[in-house]
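Chain lettering (A, B, C and D) follows the sequence in which the chains are written, and residue indices restart at 1 in each chain.
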Amino acid sequence: MADNKFAAYICSGCGLGDKFNIAGLEKVAKTEGKMTVIKTHPFLCNAEGVQMIKDDIANDGVTHLCIAACSRRAKTEAFVFPTAAVSRANLREGVLWIVAEGSDHDEVRQEMAEDYVRMGCAEIKKMKVPEGNVKESSSKRILVVGGGMSGMTAAMAAADAGYEVVLVEKTGALGGFAKNLFKRVPFAAPYAEAQPTGVAELAAQVSSHPKIKVHLNSTLAETAGAPGRFTAKVAQESGSVTEELCGAIVQTTGFTTYDIAKLPELGGGQANVVDQAGLEALAIAANGGAIKRADGKEVKSVAFVQCAGQRDESGTHLAYCSGHCCATSIKQAMYFKDANPDIDAVVIYDDLRVPGMGEDFYRSAQQKGVIFTKGKASKVTGGDSCKVEFKDLILDETATVDADLVVLATGQVPNAGVNLDEWTTINTAADGGNEEAKQQRTALESTSVLNLAYRQGPDMPQFKYGFADSHFICFPYETRRTGIYAAGPMRRPMDMLQATEDATGAALKAIQAVENVGLGRSPFPRVGDLSFPTARLEGCTQCKRCTVECPFGAIDEDERRFPLFNEERCRRCGTCMGACPVRVISFENYSCDTVGSQVKAVNVPDEEDEKPRILILACENDAYPALDMAGMQRLTYSAFVRVIPVRCLGSVNTIWITDALGAGYDGVMMMGCQKGDNYQCHFVKGSEMAYYRLSKIGDTLKGMGLEPERMLTYEIAITDGARVAKIIDDYVAQLIEMGPSPMKGFG
Amino acid sequence: MTASIATNQTILVVGGGIAGMTAALEAAECGKQVILAEKTPTLGGRTSLLYRYFPKMCHPTCGLEINLRRLRGNPNVRVMTMTEVAAVTGSRGNYAVTLKVKPRYVTENCTACGDCGNAVSAEIPNPANYGMDKIKAAYLPHGMAYPQRFVIDPSIAATPEGEKAKAACKVDAVDLGMQEETLELTVGSVVWATGWRPYDANKIQPYGYDRYANVITSLEFERLADPRGPTGGKLLRPSDGKEAKNIAFIQCAGSRDENHLRHCSRICCMATLKQTQYVREALGDAGKSTIYYIDIRAIDRFEDFYQNVQKDATVSFIKSKVARIALNEENNSPILHGVDTEGYHRYASEHDLVVLAVGMEPEVTGVKLPDDIILDSSNFIEGSKTEGMFGAGSASSPLDVNRSVQSATAAAMRAVQVIHKTASTEAA
Amino acid sequence: MTTANENAVAKYKNNFLKEVEATVEEGHWVKMCMQCGVCAGSCPFGPHWEHSPQKIFMMIRAGKREEVLKSDSMWMCTSCYNCMVRCPRELPITHIMHGLANYAYRLGLSPKGQPNQAIAKLFWDSALKYGRVNELKFSLAMYFRDGFVQGVKNALAMQSVGLGLVKAGRLNPMEIISGHTCKDTSGIHKMIAKAREIEDRRRGLA
Amino acid sequence: MTKKQYAFYPGCSSQKGASAANYITSFGVICDKLDIQLNEIPDWNCCAASIGYAEGGELPRIVMGARNLALSEQHLPGQDIVSGCPACWLANREATERLQHSSSLMAEANEALKEVSLNLRSDFNTKSRHFTEVLIEDIGYAAMKEAVIKPLAGVKIAGYVGCQANRPYGIAGESFENPQYLDKMIETCGAEAVPYDQKVTCCGGALAFSEPEKAQALIQDIVGSAYDHGADMIVTPCPLCQANVEIYQSEINKKKGTKFNMPVVYYTQLMNVAYGGSIKEAGLDGQLIRAEKLEKIAGK
């Protein structure tokens, strides 16, 4: 700390020099910012400017620098100084480009720029260069849970990339659901014929792969630790338990077919009415010959009923579409036609869903004489001669099909383990001493797959319909348990081709996780971030908010009920920091101080000046870029606002707001991502937590004698450049209407 | 020249759209060296020209921002824009690649200050809006463009306009003397993420895209709905600039058709369902969307979205492949002729605007696939004979964004395997 | 003796699709239809017929034998080929319609007195008789197909046109006596009889 | 220079004294000017047309075509078979393709052809073409234009392509929905092709006879639209279209109170006049509705 040297570099390029009084900025950096080195450069981001800074670091011992130039989102590659702490004062996108043209704005423009220099200097004073936490010892083995098609594929993918794999399969054999298929749908041109599944061959490869260790008849009794140091207690059927040390986990526990017995109206449970899995069994028995029913009778006519118990809007059955069933029925109809073209095979469908090259497979089946009828089946009766009653949607009439066998295309139900929402409720009650809840908890946890020793529950959080999917369109592998990835039908209904593709990708994400953690780097989305949260436990009140609110279950509690940070599980969003009422949690380069000092650094005018001052806390992922866009489009907004980017609205600590308002700011705008079902927060719950916390701040404001409107929250999308400018101007107008903050002068 | 920027343990990713960026980043974040070659001046690809994504209705640039940050912070990825792959020879673990780099006429000095754009007066059709409007011939492709550098259009490079741009640049970033460069380099594996292009709607003659101003493609509709688009987000008819209230969406425009694309393009149903919500966003209950379809392919949890749109009173569904479009010559409104096959009802319906949900076919402009590549019947990439090159995203199959990213991640995994094998055999 | 229709019914046991595939021109295409309906919307006579092609294909698959064969829908085909060139599955719809009409006609199921059926037959007979179509006899036959009185009416109705054509040298009154003809008409008759015999054998109509 | 030789299949309607007699008449000047020689196939028979289906069925229909093909092959070997009538062209071409694609059909056809002591080689591949194809592909628009000596300046024409000249085969490279070739030919003659929306509408074809109301409704659309778009006359490459669209105008006037009097001529008549042909040479005297504008030019 002793030999820290602080420097400010001011750029006068891009017109900054013309519009700002640079000398004024330098003075601010010196007298108020207390910078020891202050340099101005006409073109700071070019080779020469950057070299100047590098030289100062190398020769002049500069350790902390504030770059007063363009947005932190611009020229990022130029301003890279790994050994120094860097803050950016956004004079270009943040001031020059958004303050209205003309000399009558010169004053406020200059004031705004000076404040950003003050803030940049204040921030850098509180920043440390994150050292990172390299862990040579961390494990790079990949644990694959589930030995079906997805699991075997993931295992092979990782092993072929040189990583050791431990595969845990609960049954006595590899192959999962796929090993009970006669054939699979084609993966490649010409997409005309059903193909051998290749399961046996793959299983053989997996079993004999030098880098893959397979545990059959095994489950996970407990999975403890974090990426790089998971210890999995693998419990054999025999009762013996082996401990496996692993770096990352790929969960591929597949699906269960929707229980046909729940579909009595479609003949579920009646003779000669089977589901697709049942048909595969008959096909395997026939092995290419004539397919016979359970009663041994040769099937001469077969009817397939699509969407059985799926796409159900009544809430009774599955609401979703399982995607694979149309192609599967086409494949199965071919079983019959290939064995004997004279067999009548009809597929009753509503929408035939065979995307991509599936269209060729559909054509091929028609070519073979499979009949496709657009209709909705209402009733199926089993027995020796089955009947399917349906509404023919083309001929617009109710009709009946007689068949020796009826196949119901039922859906996929994910095997994703314990539903954490359910668990949390029960767990809270149980912790509260409720005996019944304790039993429920034991019962529920017995259904767990991973048995995670996590404060936040034994399995991965589930998405809609019990699938462990990602909510992000651009980032399909992002789960809420760092270093644990889901693949295959347990995360989304899918066919075998998609499952193998999915598992291949998941294997890569697992490899990535172990590589990152070894270097002490944050995983997605703050990839490469070396900072991590530390807590001054002596100040901790054990309120548990951080452990509860962390969206990624990174924080456990030690036996003394203090938070126990698992850095390797942490995504560096700072939600814990925002949650902490006593502000003991901080990152080296992002803390209550780095932001709080910026809030304090701003020069808040008095009542007489009639210049309101508004603090904007903007999410760096969407709101801050949106503000940049406004600048790039040369839209103007009020020069009375001061913007501070935050990692996530979830990291906002209410102290910043109360401090600001206490110091005489007239208002505070909080700009975060969309919350709710279609949330766009990159840290899942961050913005939602922020809204929740801030909803409670009203009383505090009242206590200070302030109107609730002095603190407002907004959902801002990255495309909202124009909207955000308008919102700001509207809010400033509203505040001017309200008059200055009564707190002015007391700060 | 032979570039020392790559070795046989480098992965070349061709195409800088969402699939290419993903493949590059995922491999790089495993510690592998990657070259990401993009033929246009910016990364982002087609997704950056979409207004919203289904089913969340979120904005593509949101994910792009995160990916760009990953990219900026990652020294393992070398991004080369305006770069096309001219040739690839060799085999798994050792490919010789020839890259052609087109001149941008703007150097790394550029600070995107915009002075050059203000200086020139020449305009070109805006590639970011499918040419529906114009931009200056010295331009930043769009707000999220990466690298954040201007481009000077070749059409003005050697003209006084070009000189104006050069004169205006205070940071000496304009270099009108730039020439096309050729680079030879060695890589271990190649991921082809060359993406897709919309099927040429002119070929679908019964729908008169080439004859009727108010028949547009689904991609053009994305730009109409986007506030950053040519109409500032207003749904205005090309013929007269009047607001389109009664809009028809024609599915399978080119797809599932032996006369055009044999395959189903997968995304069009969801894209149209999404676009009906653009109509609602713009016009509320005053808007009217009609979807003419064969099968609605809203697979897996997208079914929710479909069911919600079905509940929207402003949206109606007609199971019919439209036979032809005629024109009401009084008001330039297209009249759709066909038969609703559910119960056989004949219609001749006039709409303000018709949106053709055009199919996806593999992009070919600026893409020269080596003979080594194995293609399916629609020319999507299945793999390579030498097993060291892989397709990713919609170059490998018609895929939505989410599945493209999965596909790209899988492709990165395969490339990483190749590099691992190369490395270990060399070590041995 | 049993009729061709009874034979067909017995032979195909109500599997109408199989029957169509075996006996109707291009009938094997029927199974390839994906019910998009583009044919239905493309037909110039569409508004005038009961069942559209795509619906007829569905009816065939649904085994509605009588309804299809007795319908006059396929007799409404103007041979404009719109449906055929637009079909995304490349079904030769025009030919299938003709084939179905012909099959229905050969089984004696087609609607009696269907005007288009009448003209189709007349055209063929005319073509066959002299090897070439004799327009005047063809048209007169057309007018008189509904009997003499109606025929006179029809003829008078079109008299102006007829005279016009004569005046224009495009309708030759002398055709009643002489008119166009091939030299080898008898050969043509034998040839067609043979063709018919072969085809009937193949279609089980012998 | 030597003339291009083609086997010519006139078809029933194009014979002397038949409804399209004037069509053939108008070929004369054109063939002279463009060095085309059409050699009539000896003893050709009716093509059976598509309407032949009811009584004819598949094989008899195809055999009718096969006989023409065999005769052409025997008497005019190596010459493409050219027809002015789209229906004939279509029937001959369809017969050719069906026979080429099915060896069993070929065998059956030959069995029937024995009766007239003819035979088709299994590798038979003589092209059946429409006269417009010959003009466009073998002569070319440029050469067609060069031969013009009386440009049809100021004549506004609605090019009516109709059905069978356009579908299912049509002219190579042309669209089924909006073919351009007829407009181009009109313009090579110096006339103006007016855009209108009924270019490929069906005229009712053979059903004009048996379904007069239905067919005449279509014809009314065609003629009406031609008027609406300022056409002086309609030009067509099809005898059946020509007959239907011209003949029934008076009927439509009677029934619908329209005042239709729109000349309907063949593209060959246009070219003929543009090439200097007389009213008689151009067969313009064969019009029910006289094409005065053309006659005026031809008269000069």
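The rule is simple: contacts are C-beta pairs under 8 Å (C-beta built on N, C-alpha and C of every residue); 3 or more make two chains touch, one makes a residue touch a chain.
Since we're looking at a predicted model, the values are computed, not measured.
A.B. asks: So if I look at the partners of chain C and the partners of chain D, which chains show up in both lists?
C.D. replies: Touches both chain C and chain D: B.
A.B. asks: If I rank B-C and A-C by number of C-beta contact pairs, which comes first?
C.D. replies: B-C is joined by more C-beta pairs in contact.
A.B. asks: Indicate, using Cα centroids, the chain positioned nearest the centre of all protein chains shown.
C.D. replies: Central chain: B.
A.B. asks: Using mean C-alpha positions as chain centres, tell me how far chain B is from chain C in Å, no decimals.
C.D. replies: Here chain B and chain C have centroids separated by 51 Å.
A.B. asks: Quick one: report the Å distance separating chain A from chain C, using the average Cα coordinate of each chain.
C.D. replies: Distance between chain centres, rounded to whole Å: 65 Å.
A.B. asks: Quick check: how many Å separate the C-alpha centres of chain A and chain D?
C.D. replies: A distance of 67 Å separates the two centres.
A.B. asks: Rounded to a whole Å, what is the gap between the Cα centroids of chain B and chain D?
C.D. replies: Averaging C-alpha atoms per chain gives centres 46 Å apart.
A.B. asks: Residues touching two or more other chains, restricted to chain D: which are they?
C.D. replies: 176
A.B. asks: Among the residues of chain A, which are close enough to touch at least two other chains?
C.D. replies: 352, 374, 394
A.B. asks: On chain B, where are the residues touching two or more other chains?
C.D. replies: 206, 256, 319, 324, 341, 344
A.B. asks: Under the stated touch criterion, can you name all the chain pairs that qualify?
C.D. replies: Touching chain pairs, listed by label, are A-B, A-C, B-C, B-D, C-D.
A.B. asks: Looking at the complex, which residues from chain B come into contact with chain C?
C.D. replies: For chain B paired with chain C, touching residues are 206, 252, 256-260, 294, 319-324, 337-341, 344, 346.
A.B. asks: Using the touch definition up top, name the residues of chain C that touch chain B in the complex.
C.D. replies: Its residues touching chain B are 34-42, 46-47, 51-52, 54-55, 82, 85-86, 88-90.
A.B. asks: Going by the contact rule set out above, which residues of chain D touch chain B in the complex?
C.D. replies: 175-178, 197
A.B. asks: Which residues, counting only chain C, touch chain A once they are in their complex?
C.D. replies: Where chain C meets chain A, its residues are 15, 17, 31-32, 34-35, 54-55, 58-59, 61-62, 89.
A.B. asks: Could you list, by residue number, the parts of chain A that touch chain C in their complex?
C.D. replies: So the residues of chain A in touch with chain C come to 344, 352, 362-363, 366-367, 369, 371-374, 392, 394-395, 399.
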